[in-house]
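Structure in structure tokens, see below.
Chain IDs A, B and C follow the sequence of writing; residue 1 opens each chain.
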Amino acid sequence: MTRARSIIWTRLVLIAGAIGLIELLCRLGIIKPLTIIAPSQMAFELARMIASGELAAPAAYTFMEVGTAFAVSVVAGGALGALVHAQPRLRRALDPLLASWYAVPFFVFYPLLVALFGLNALPLIAIGVIFAAPAMMLSTLAGLDRVPPVMRKVARVHRLSRVQEVRLITLPSAAPHLFTGLKLAFTYSFIGIIAGEFILSGGGLGYGIAYAYESFENRKMYALMLFVLLIATGVNGALHVWDGRLARRWGRT
Amino acid sequence: MSTGDEQIAHATLRGVTRVYQGVTPVHALGPLDLDLARGEFFSVVGPSGCGKSTLLDVLAGLSPPTAGKISFEGRPVVGEVPDGIGVVFQEDASFPWLAVRDNVAFGLRRAGTEPAEIARRVAYAIGFMGLDDFADAFPAQLSGGMRQRVCIARTLVLQPRLILLDEPFGALDQQTRLLMGDELLRLWRETSSTVLLITHALDEAALLSDRVGVMSARPGRFIDLVSTGWARDRDSRIASDPGFGAITARLWAALRPESIKAMGRTAS
Amino acid sequence: MMRLFDAAAVVAAILVIWLGLYAYAGDSAITPPLRTFAYAAELLSRASFWNHVGATMAAFAMALAISAIGGVALGLVLGMRRFAGEVTEPILSSFYTIPKVTLYPVMLLIFGLGMSAKVAFGVIHGIIPVMLFTIAGVKNIEPVLLRTARVLRLSPAQTALSVLAPAVTPEIITGLRVGFALTLLGVLIGEMFASQRGLGFLIINGIEVHDVRMMTTVTLIVVVFAVAANSLMLALDRHAHRFA
């Protein structure tokens, strides 16, 4: 068996083993159902919730928030990244701010955002954007930094206009980093919004988990947690594989 | 073929100087004069930092001179790269996001050429540079030498009348360089273009060129112009010609004191 | 000189935005800068406030110690054992992208309310980045450095101390910097609903009883601490990377 294969197999065995162990400990009563329920029961409850349609509304709400935050973060982060890249002095001034950005607990701004936008989905989307946009911005900066200087000269030898140069050379050259930015924007939007829903009772899947926890509805709570876990792993996994394919084809600057 | 008669020079530089402004201004080049005859193969050698690349940038219109005039085909070169000049750079400038075929077609597509014509010229250039088997591959899958061939094909396909090359084989091993030199000569004969090659390898300059210009240490100026007198139909096997050794020796004799000067400067 | 001016300009811009938000949203959402600074001075003179600070710091210190030591140790092992590292790295990266909030109920059910829950929250936030950066640091050691150590006939201990440690340290420090910020975040979030003491509790309590002044002020104190600590760690990080 090739090394790559045995790595994948070992990983699967590891994960299956861990799940199996928890399952066993739960069935044997060593782990109390009040603490953690058996993984099989989580899966079963999730399937039931999907079938009964009660998952549809909170899931749709969360996806709407995540989708909006993602889109806004990518556009705003990308635009700001391009803007700051063109102004080195501004970039140097903002550097310490950006570097400390993720050290700040942003949930504390929620009441302020509610006062600004009202008690609806917007404050949570705003939190998602605050989380995700800087990641996109930093990735855009990195991508633009890494456009090889010779490419500028090639553009001039081919007598391209500035717009053509950006479209045909700068953007494709920065593409790998921009894609990384997209990945991070999704991850951070998702984390920020689910966490926000949970802590601040904002509706959607995160709120569903918090509510189930407080109502002692363990089955429902774990089913929802499993769902969130699967979505996060699934989407990030897919993006990761896509990223790997692009990296192999284009090489990395 | 080349010089010696009353042909109008293909490109000229007159009193060209380039000073880079900054905290301390750097006098990189000149004053420098040069006449490139139509269809000649001209090499430039010089110590590191003498301004060889700056010379190419200025000639191509990529960099404005601080003083002096440049003209190409009788017209002044100001600010932009004139039509008819092709450049191959030292660094790998192949587009990693395009397959070889699309890389080569890039310039033609920008120019709005007919698709049938594009396909024909691209196929020819790819075949000429020996890239047939890799037409659909991406540069990341190719070696450095092959990527340079892609860049040369991309330039060749536009049928430039003046081809400028800035140490295009710098990253390659000696044997590959010699073979690539032969390719370059084939290209030169086939297109009947004028070629200006910048190289740090004296043997390469001596082997390939009709004339070699030796530049001084910074600020670069021509201190010797050597005519090789080779026949047009030549390849790397001229290395066995006794004249080759004499030419290389003359180049080094002129270059050595300048190199020592340049080395002393960079060591400080 | 220009740097100081630009930094001051950024701070001024933040204050202007703050004032603007206050003008728009009013007292029910945010307290203006001057009043916030005044209240902060008042809070910092109260012993009861320092009790809360102590609670947060105690949990934070413990979580950071576990994240740092555990993260570096596990990271070194996984980095050096090629196979194990390759198997676990995607799992760790996936874990990093999961909203940790999905684990909060489990943490609370296992650890109950109080200190151990807060520490647990901090650890699950902080340990992963420390591990990931450490693994990357070990993987990025140039093989030629190890060959040089063998040519120089260094003992394993000498190799570890004089070649491996300096090579790995810059990446570990970056990991610790990121882990520091995330551990703090985790502890604060933990305090928001697993505790009746601590700065995180003060903030969420301020939100719940509409004590806007308390909420704004404690937030400011936390932000200033986080940014100051992070800036220090950034300087350390840059110093560690000075040869890169």
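One rule holds for everything that comes next: contacts are C-beta pairs under 8 Å (C-beta built on N, C-alpha and C of every residue); 3 or more make two chains touch, one makes a residue touch a chain.
Just so it is clear, the model here is predicted, and its values are computed rather than measured.
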- Could you set subunit A aside, keep the rest fixed, and say what connected groups are left? B | C
- Query: More contacting C-beta pairs: A-C or A-B?
  - Reply: A-C
- What's the chain with its C-alpha centre farthest out from subunit A? B
- Query: Whose C-alpha centre lies nearest the centre of all protein C-alpha atoms?
  - Reply: A
- Centre to centre, by mean C-alpha position, how many angstrom separate subunit B and subunit C? 54
- So, in whole Å, the Cα centroid of subunit A is separated from that of subunit B by 48
- Message: Need the CA-centroid distance for the pair subunit A / subunit C, whole Å please.
- Response: 19
- Residues of subunit C defined as touching subunit A within the complex: 2-3, 6-7, 9-10, 21, 24-26, 28-30, 83, 86-88, 90-91, 93-94, 97-106, 108-110, 178, 180-182, 184-185, 188-189, 192-193, 200, 203-204, 207, 212, 215, 219, 222-223, 226-227, 229-231, 234
- Item | Residues of subunit A touching subunit B in the complex | 148-151, 153-154, 156-160, 164, 168-169, 172-173, 175, 248-251, 253
- Message: Help me check something: in the complex, which residues belonging to subunit B touch subunit A?
- Response: 57, 60-62, 80-81, 83, 85-87, 89-93, 95-98, 106-107, 110, 138-140
- Query: Mind pulling up the subunit A residues that touch subunit C in the complex?
  - Reply: 7, 10-11, 14-15, 34-36, 89, 92-94, 96-97, 99-100, 102-105, 107-112, 114-116, 187, 190-191, 194-195, 198-199, 206, 209, 213, 221, 225, 228-229, 232-233, 236-237, 240
